[in-house]
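When the chains are written out, they are named A, B, C, D, E and F in that same order, and each has its own residue count from 1.
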Amino acid sequence: MWQNILEFFQTSGYAGFANSQMMVLRFIPGELIMIVISCVLLYMGIGRKFEPLLLVPIAFGMLLSNLPFGGVFTPAEGGQPGGLIYYLYYGVKMGIYPPLIFLGVGAMTDFGPLIANPKSLLLGAAAQIGIFIPFVIAFYLGKAFPSLGFDLKAAASIGIIGGADGPTAIYLTSKLKPELLGPIAIAAYSYMALVPLIQPPIMKALTTKRERQIKMEQLREVTKVEKIVFPIAVTIFIGLILPSAVPLLGSLMLGNLFRESGVTARLSDTAQNAMMNILTIFLGVSVGATANAARFLQPQTLMIIALGLFAFSCGTACGVLFGKIMCAATGGKVNPLIGSAGVSAVPMAARVSQVVGQRENPENYLLMHAMGPNVAGVIGSAVAAGVMLSFLG
Amino acid sequence: MDTVVVTETAGQMWTIVVVGIGTVFLCLFALVVMVSVFKAIFVREPKAAPKAEAPAAPAATAPAAARGLDGAVVAAIVAAVSAASGVPAASLRIASIERSGFNTPAWGHIDRA
Amino acid sequence: MWQNILEFFQTSGYAGFANSQMMVLRFIPGELIMIVISCVLLYMGIGRKFEPLLLVPIAFGMLLSNLPFGGVFTPAEGGQPGGLIYYLYYGVKMGIYPPLIFLGVGAMTDFGPLIANPKSLLLGAAAQIGIFIPFVIAFYLGKAFPSLGFDLKAAASIGIIGGADGPTAIYLTSKLKPELLGPIAIAAYSYMALVPLIQPPIMKALTTKRERQIKMEQLREVTKVEKIVFPIAVTIFIGLILPSAVPLLGSLMLGNLFRESGVTARLSDTAQNAMMNILTIFLGVSVGATANAARFLQPQTLMIIALGLFAFSCGTACGVLFGKIMCAATGGKVNPLIGSAGVSAVPMAARVSQVVGQRENPENYLLMHAMGPNVAGVIGSAVAAGVMLSFLG
Amino acid sequence: MDTVVVTETAGQMWTIVVVGIGTVFLCLFALVVMVSVFKAIFVREPKAAPKAEAPAAPAATAPAAARGLDGAVVAAIVAAVSAASGVPAASLRIASIERSGFNTPAWGHIDRA
Amino acid sequence: MWQNILEFFQTSGYAGFANSQMMVLRFIPGELIMIVISCVLLYMGIGRKFEPLLLVPIAFGMLLSNLPFGGVFTPAEGGQPGGLIYYLYYGVKMGIYPPLIFLGVGAMTDFGPLIANPKSLLLGAAAQIGIFIPFVIAFYLGKAFPSLGFDLKAAASIGIIGGADGPTAIYLTSKLKPELLGPIAIAAYSYMALVPLIQPPIMKALTTKRERQIKMEQLREVTKVEKIVFPIAVTIFIGLILPSAVPLLGSLMLGNLFRESGVTARLSDTAQNAMMNILTIFLGVSVGATANAARFLQPQTLMIIALGLFAFSCGTACGVLFGKIMCAATGGKVNPLIGSAGVSAVPMAARVSQVVGQRENPENYLLMHAMGPNVAGVIGSAVAAGVMLSFLG
Amino acid sequence: MDTVVVTETAGQMWTIVVVGIGTVFLCLFALVVMVSVFKAIFVREPKAAPKAEAPAAPAATAPAAARGLDGAVVAAIVAAVSAASGVPAASLRIASIERSGFNTPAWGHIDRA
């Protein structure tokens, strides 16, 4: 009996710490550090309100999977069922959750400002250059320091952080480099939350006071028919040019069609509420659970965090610079500040454009003009992910 | 797939960069054109026919003007498909669909009383 | 590098068109025609409001799966995950979605008018003859033109269109002849939407003005206990007579019990909203995706469309004729117009009875009387599907 | 299964038609009878006992009258099972269930304050 | 043809009765008895309102799976898909539904009263002794009557009924002894519903009138931060002591964090409504379907029913007795009646404490004081289940 | 697994009982201590530092007092982790996180107008 009791205590989490395979500085078990990190992420999500809908499930998933012997992420083996998150993770592994979440995002998105001002699509394209610059750098880093393990697939997964679009980043990474899901998802959502801190200095550095004061013409009204035809036409157009973008873009556009058709309100409502919330919980918890100590507590995690910040900055800069080109080309009708919204991070980036613009000229209302590049950025990063997938997937 | 790592070259990487940025701009520019055509079809008065980007549009908008808004939807779809696919609109003409007079509600409308 | 870029363009949808295996008239790629058809269906769903909750997802699923190389319906192979709709389709293949949607339909259905006037059940039975006549014809067509491939299973799947009940048609077809899912689902939902056009001429042709003017006695009130016992008793009764009807009928009745019990409002609410909407999206998109060019652009699709219309007409006619028999048997107490409602297509067919009846006699209110055969038709076609399944499944 | 196609005969087809139409009418006629019994049990005053369709009903409705509506539910269920299964109701008598005086709410009622 | 028609009737449920493998008293088919039992359970759920949200689906699942040849619970075999409930049951078999339902329970639970009065946790612990006493007895019964088949796993599954917590009981039983799922779930939910009948006599027998009249001090207010930190800290604390409790407790606490964080209201709402209702339907129906005649109509079912009642009584008694100890230790500040609430059965057991207390002293409001042990009992039985799992799982 | 049945002894059973009841009380008593510490940290004025159960708490609450409620959350989490794991709080010190001035809303807040 005492023998059995002793064995029982051998299965406690403390015993798990003692036998951890990942001792940092030779005496701190890696799992414990991961638990602390997950608490910090919970604090960021709850205390600081950084994208809490995703960061809270991600952080809690990380917490659960790092409790030694907790078994929530244990694979099924030899007839024994696996842990809960092992099953939830299937939806990530098979690329099911991100497109279905995009369905909900589509049902929430109003493409009206983009239809009213189609040129803003180009700003959404320009900001995606912020995906490719860190891709190049990550690739050369990987060549220089092979121990980082940054091959092309890893580089593409890092670059996509610059797309500022969570489901796209998770979808691409799950296809190319699932072992990096944890740090990439955390970086993507954290920087999306930090957009109001990251963007303004870059925006100011690259524009003149005069440019920032430009007022833009009011947008035309968009008819209901245009809004209905838009998602269908986008699916066909881009689906024919770049088939690998169909899963993400097609779902986004189907959700948007549910929203705009006027006859499928039931489906639109469920897609953006019950279904999306369920999938968000499942996605967050299972992405978080991939971040185990042995994988996460590595130099490349820090590198990913750093490159992610760089990616966001590149995207912002490219958007603003292209805005300046459009400003020049239109004879000063485009305020370059709306270019930064092209990174997506809907709707924060558009609000940042509004705030920065209004600070220079209190009567300047850029919000609706920035929403165009903002939603274009969602399409743009899905296209970029499609290209990555068709070369590397 | 993992053996690819060994042979990955900067050339492959730059190919992705060039094609990637190119495709993003190509796709989003295509949408600029497409949405501009929208404006031509749906917003201006029907007398002004859309431009060359959608060769099928003139043929399609003529009946659209007669049938009103709903017809315009068909026209736009045909135009979009035609423009996107490069197949002449003539091959795509949709057999006319008569207005039904009734609109059937969905099963969701089952009487809940 | 240029080599690679060239290869990349080989994977575009245009290249897919060029290499299509299904060239219609030697130069139009089948996929393109399917895309046009899906746009027409979208127009029917959105512009004409034909059962949009189903037709919009079906049409969009068809669109997505016909974008060449889009890969949304690619099976999983050799460790590579499949496309999104490949996974969603499991719920159709395994017969999961239709019964669960029936759960929601049951939670939406009021069997009160049927309980108040049980004889209306016979009208619901008679209208199901509209399933068997096209079944016979499809069988002989298959014998005459073997290239159509209309064996008994196909004939049964075609006949069930006459049941005017989407989930039942999809359930039976998925078990017997999944390759016909696309045309059969489209025919079923389109004709359901066209019930107000299809039925009135048949109804008028088969009845005299005098019959159409018959006013019916007001229905008795139905007690709460009857409504609670009804779904339980139906499940036991019919389940014992015809076990193969249990999956559909049992689900329908469980949903109805949630509705009527008075103590499971939470479950009833979710069954008819969040759950049903999610499943409707999944069902619609995956049924639509089965309609690929090679399968759909065949003479048998046109034949199915034609036989489906014929099936609806038969069902309507049989219902009305049986209504005439009941009218005669009861000494003119039954208006034969309520017989046409027996095809189900809830609640449109009942409304058609009301409209046609009121046109002859403005003070004639047939709606509640027609609801009885209408919901009986749902039970009847589930029973018919059960017989088909137990012979052919 | 696909080899069946070769040997499918019109006889098989007509069997399905006959059995199919027959079963639909049989099932729905059974429901007509069943629902008519409902009316007898639940709607008329309890003094009028239900008819022969449900041989178990008289035995069951007697206590039902005493116990009120809830008892009637049990009675109806027993009657339905009995009628449907052909087993005499005597074998099915349900041990009396006392009214509890408390009704337990579901977990869904956890205090959300 | 007549041959075929005859064969068709051989597949009716009546033929199934005639060929039943489980003839009770040599002439009553077991399936028929199961159908009657399921009707009785439906009556208990609907007519008597005994935990209807669970009992109605459980009873209907039992009804469906006992309709001979109904096939709703047939396994997939040789390429033929299985029945609907066969697929729904996967979520039970793999331990997916109970933790996700706990997520919803956590989102519904207010741990405030427990935080305000932490000593009430000990009452929640004491009541769990009611799990271990029937465990001992079931084990010795199994030794005495080997035909009962009560090994340690069965005994643990029976004991957990005393935890008065449905999802925990189902989770543990599905891992240890899935063949007993039916009777154990039915016993657990029935006795939970009967708590107002079972507990008061025991409570009165074990306490003096004076003790029952004790008024308790008002609880302190609990800050928002405490409520946020509580679920995180509980997960870490208990997860490290007892890893096998993580799946249940971690889910409960994640749900509670969604509730309390203030920034994830969307997720909390869906977890406690749409998601929980869907899973409740699936769980109930599939647990009910496991109760087939051959398994259920056995002496051990009656034994489980009896031991379950005994378990509830033990738990109540242990809670009250520990309450008396605390009463003595605190010099009469604790009313022992709140101890009975420690069995969980949230919130009924707490209301019983309130009702019994107020009967002795109309000005005595014990409800909030009893909510502390009540929710502590949920944690306590999850811990007890964790211990069982780590020894026997 | 089924062969276990044969060899199951009362000793195994009593082990489970003892460990089971012990663990339930241990866990819930640990929570009593934990929640009591909460009260010390969050409810009393910050001048009163928490007790020995959480050796890391004093170090952590000092900045917490300066930063207010949000800081207290971090402090409590660090204290809890430290107390639960037995690792000195020094190894766990969290690098200071600056207040951002902006709070980013979730994607759920996409403009629905």
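By our rule, contacts are C-beta pairs under 8 Å (C-beta built on N, C-alpha and C of every residue); 3 or more make two chains touch, one makes a residue touch a chain.
Bear in mind the structure is a predicted one, so any value in this text is a computation, not a measurement.
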Chain separated most widely from chain E, comparing mean CA positions: B
Over-half contact-pair match to C-D, picked out of the listed pairs E-F, A-F or B-C: E-F
B-C or C-D - the one linked by more C-beta pairs in contact: C-D
Most widely separated chain from chain C, with each centre as the mean of CA atoms: F
Chain D and chain E: spacing of chain centres that average the CA atoms, whole Å: 30
Between chain F and chain B, distance of the C-alpha-averaged centres to the nearest whole Å: 55
Numbers and ranges of chain E residues touching at least 2 other chains: 4, 8, 14, 17, 35, 39, 42, 46, 49, 52-53, 228, 232, 236, 240-242, 263, 266, 273-274, 387, 391
Residues within chain D bordering two or more other chains: 12, 14-15, 19, 73, 77, 81, 85, 106, 108
Pairs of chains found to touch, sorted by chain label: A-B, A-C, A-E, A-F, B-C, C-D, C-E, D-E, E-F
Contacting residues of chain C [partner chain E, same complex]: 93-96, 99-100, 103, 175, 228, 232, 235-236, 239-244, 246-247, 250-251, 254, 257-258, 261-264, 266-267, 269-271, 273-275, 387, 390-391
Chain F-facing residues of chain A, complex: 1, 4-5, 8, 14, 17, 28, 32, 35-36, 39-40, 42-44, 46-54, 105, 108-110, 166, 192-197, 346-348, 371
Residue ranges of chain D in contact with chain E within the complex: 11-12, 14-15, 18-19, 70, 73-74, 77-78, 81, 85-87, 91-92, 94, 97, 99-113
Residue ranges of chain F in contact with chain E within the complex: 4-5, 8, 10, 12-17, 19-21, 23-32, 34-36, 38-39, 42-43, 69, 72-73, 76-77, 80-81, 84-85, 106, 108
Of chain E, residues touching chain C in the complex: 4, 8, 11-14, 16-17, 35, 39, 42, 45-46, 49, 52-53, 56-57, 60, 63-64, 67-72, 76, 81-84, 87, 273-274, 277-278, 280-281, 285
